[in-house]
Amino acid sequence: MSDKTTSRNRMRKVVIGAAGLGAAMVVAACGGSVGGGSDAEITTVSKGDAKASGTLVISNWPLYIDENTVSNFEKDTGVKVKYVEDYNDNTGFFGKLRPQLEQGESGGRSIIVPTDWMASRMDGLGYLQHFSVPDDLPNVEANLRDDLKSPAFDPDRAFSVPWQSGMTGLIVRTDLAPDIRSINDLFDPKYKGKVTMLSELRDTVPLVMKADGINPDDATKEDWLKTIDKIESAAASGQIRDFTGNDYAGPMVRGDVVAAIGWSGDAVQLQADNPDIEYRMPTQGCILWSDNMVIPVGAPNPNAALEWINYVYDPEVAADIAEYVNYITPVDGAKEVLAKKDPELANNQLIFPSASYTADCSNQPSLDAADEQEIEQAFERAITG
Amino acid sequence: MSGGRRTLPYLLLFPGLLWLVVFFVIPLVYMGELSLRTGSLTEGFFFNWQFSNYSDVLSDYSQQFLRSFIYAGVATLLALLIAYPLSYAISFRGGKYRNLLLFLVVAPFFTTYLIRTIAWQTILTDQSPLVEFLASIGLTSNGRILDTPASVIAGLTYNFLPFMILPLYTSIDTLDRRLIEAAKDLYASSKTAFLKVTLPLTAPGIVAGTLLTFIPASGDYVNAYFLGGRNQAMIGNVIQSNYLVTSNYPAAAALAFILMLIILLLVVIYIRFAGSEALMGDEASAN
Amino acid sequence: MEAASIHNEGGASPFKRASRAIGDKLLPIFAGLAILYMLIPIVVIAVFSFNDPQGRYNFEWVGFTTEHWTNAFGIPELTSSLVTSLQLAAVATVISAVLGTMIAIALVRYEFYGRKPTNFLIVIPLATPEVVIGAGLLSMFISFSFPLGFVTLLIAHVMFCISFVVVVVRSRLIGFDRSLEEAARDLGATPAQTFRLVTLPLIAPGIIAGSLLAFALSIDDFVISNFNSGTTVTFPLYIFGASQRGIPVEVNVIATILILVALAAMAIVLWQQYRADKMAKVEPEPDPMLEHPRESRKHAVTKQTP
């Protein structure tokens, strides 16, 4: 090849490269805004006069409903229900749905069931529709437990209605670790590499705080970060085997894990897998939370959604659900209904905990918006190996 | 060639290449742009030439980067040590069962990737006879295999073995046996014949196999997720969680970009060192 | 190293003979162990597809039952995810096969500017970790606020399949005997006819092989799909979600079925090959006196791999 051709080739390459770069920058400049929540106004939905009809798509956590409620609802109202159990954890689901919610879409869903803090975050970003409990949800108005009527994140219940409540505490393989009764026992070197904690920041850190005598409701940012440090060292030393979502149960069934921070309702269901699995109330108390039904933006059938929310607050229906799900029902009157059918279940502390049982428990705390990102990222780094 | 035919190749190339440019090259540009944004989920992410994202994620996650390349490297080596003799045996000793054996070797990988990996949870559970045996001879840490680096590396090795076997086997199988015969006729021992004839001639296969194994393995997160727990998180896990869980897009994009650049760098160095052009093959001569 | 000695291979030393015998056996034994190693998880999956767990988790053997086999498609979400995967794979395969074949033909048959960059562009996706490809696509979709779902999945799948199809078809095209095409043209066929009636049927096995590869890759894809599926659920994504709360036994059943299908497909291919070999061997009765052992070896070395 002659020199002239080589330098011409080189020139050509440079020009093409520059053109490519320029084109790339132009293309990139076409990118739109990312994040920031929806700018649209908050919409309010109401029942109106029309009878509920059509199809209702509900996204809920797995194993969170009995076998009959859906078909009963369909029979009683004529609404067809598509019940999908794809809500596996708050952040994961949020991460996947967020881009659509930002555009005012919900992917066809009319009801989703986030935990308190996630419901609060979604509303803050403008992803939820509001409703009026007194006007459209008479059963809720009448039967919602008093202690759930006015939570800090949604004082008027304008956008969330509890589906089930639950306790975060200790799930233990009583045959392999009979003496674990406190969160601090999880730090016992005897059980090194055989315990897990939840990757849910607002469950794990407050529990560890309580075990150290700190009240989560009064905790400062420094308290949070210090507790996160404690957890991080335990993880680094191998004391804590893993930080899990719902999947703490598998290793426990196998016996690889003997104790975990987990959720009360799970323990009862897991007894079918292994009868030695038990929920234990930590000596310093548990964390109480609720999963809430919310109506996202772009919900195709808000009318039917309101109908469903009202329906499940009928004490008879609530009793059916509680009987299967084994979490704490938010509906007054369900206990009495259940007492007639199954008195033992009605006295089960996991479903109808007495005030004394949960005396030391704290509500799941929400973080100040100012501190939230820093604490979340610190925790994320702490639990990632 | 007639004038009309001059446009034909471009017409043939256009749709496919356009797809690749629009859906592979351009997204990388967007990823780069996203990596230079700043902000938060609640307030939105704004473009800000935020190069500090890169230094931030490098300092935060240097351990995971290192870990990823170490795991992938060890897994690639193990895969090579398993695949080479296996391919050699099938090619040289397989006889008429060669294709069947090759298939038997590759068939397991028709089950879904996830299920294969999860099956190892059952096999490597702490209580299993295998693990208890390994523990008794002291080959485990804390008496277990799961949730340790060993199980992640084992998973990576297993899952990427076909990527190593197929190029190796192709290379070994197309070896001209007469060359080995010739070497032996010249009084070379089996060992010499192997080292001086077979190995160098199958070098392109080795290069291709190691690249095809190392590259995907270093970005993998499935094995670390199911077999390693969060203490063995690889950089793929971090990228996945930053994109899909914490929605920290700029950091996630920066991480992915760095991963790509490091791999590119390693590949360039490796190919220069191994000196093989067999990879990209030029067809101009095939016309 | 050993000096070239006449006693090299027929070594008189019993030690050498013994070590060579062991060495001889070592290789097949190693290969056998390796194959066993690769089959272990498959056996576990298949065995546990007959398990009868009482709870959510399928980790310990409880009892034997075939109910999950008879009711393999009884879980609606599982079945619909499988259907989604199949639909996705089918469409993606067709598109990527067409686009990929066109590129392969252009690469092998024609001269054009930009051959090197084209090669580069084809190979680079193969050399990029899936996490980067998936993340890149997601970044672009996010920037455009493009809704994630089946369409974005399709785009992604076609994208990573094209390169594989090109590589497979290209290798088939390179080994192609052009004289057949020349013969067709000598007999008066137009270029279009030649392509349609001679070239295409002859490269069809390559296109089919590439398509099968693309199909398998698409069905099995997890990482790129995880990033770009939004809320659409493919089969691997279903498994991922289910792994959080207990994977139903039906998943094991379907995984085992997939292997059986692959085995059946391979059996068919092998049988076809066997028949083709047999037909190619139609020749006058071989004279055992004339048959030379070396003949079969030469046959093996020059045999075309399909």
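General observations
First chain written, first letter: the chains are A, B and C, and each begins at residue 1.
Everything below uses one rule, namely that a residue touches a chain if its C-beta (ideal position, glycine included) is under 8 Å from a C-beta of that chain, and two chains touch if they have at least 3 such contacts.
Owing to the predicted nature of the structure, the values given are computational and were not obtained by experimental measurement.
The chain with its Cα centre farthest from the Cα centre of chain C is A.
Taking the mean of all protein Cα atoms as the centre, the chain whose own Cα mean lies nearest is B.
Chain centres here are Cα averages; for chain B and chain C they lie 16 Å apart.
With centres defined as mean CA coordinates, chain B is found 35 Å away from chain A. Per-chain Cα centroids separate chain A from chain C by 40 Å. Within chain A, the positions touching two or more other chains are listed as 31, 34, 96, 250, 254. The residues of chain B that reach two or more other chains are 26, 30, 33-34, 121-122, 125, 243-244, 249, listed in rising order. Counting only residues that touch two or more partner chains, chain C has 59, 142-143, 243. For chain A in complex with chain B, the touching residues are 24, 27-28, 31, 33-37, 91-92, 94-96, 98, 121, 124-125, 192-193, 199, 235, 238, 241-243, 250-251, 254-256, 369, 373, 376-377, 380-381, 383-385. Against chain C, in their complex, chain A makes its touches with residues 30-32, 34, 62-63, 84-86, 88-89, 96-97, 99-100, 102-103, 105, 107, 245-247, 249-250, 253-254, 269-274.
Residues 5, 8-10, 12-13, 15-17, 19-21, 23-28, 30-31, 33-34, 82, 85-86, 88-90, 93, 99-101, 103-105, 107-108, 110-116, 118-123, 125, 158, 161, 173, 176-178, 184, 186-190, 192, 211-212, 215-216, 218-222, 226, 236, 239-240, 243-244, 249, 252-253, 256-257, 259-260, 263, 267, 279-284, 286-287 of chain B touch chain C in their complex. Chain C contributes residues 53-57, 59-60, 77, 141-145, 147-149, 229-231, 233, 241, 243-246 to its touches with chain A in the complex. Within the complex formed with chain A, the chain B residues making contact are 26, 29-30, 32-34, 37, 39-47, 60, 63-64, 67, 121-122, 125-127, 142-144, 146-147, 228-233, 237-238, 241, 243-249.
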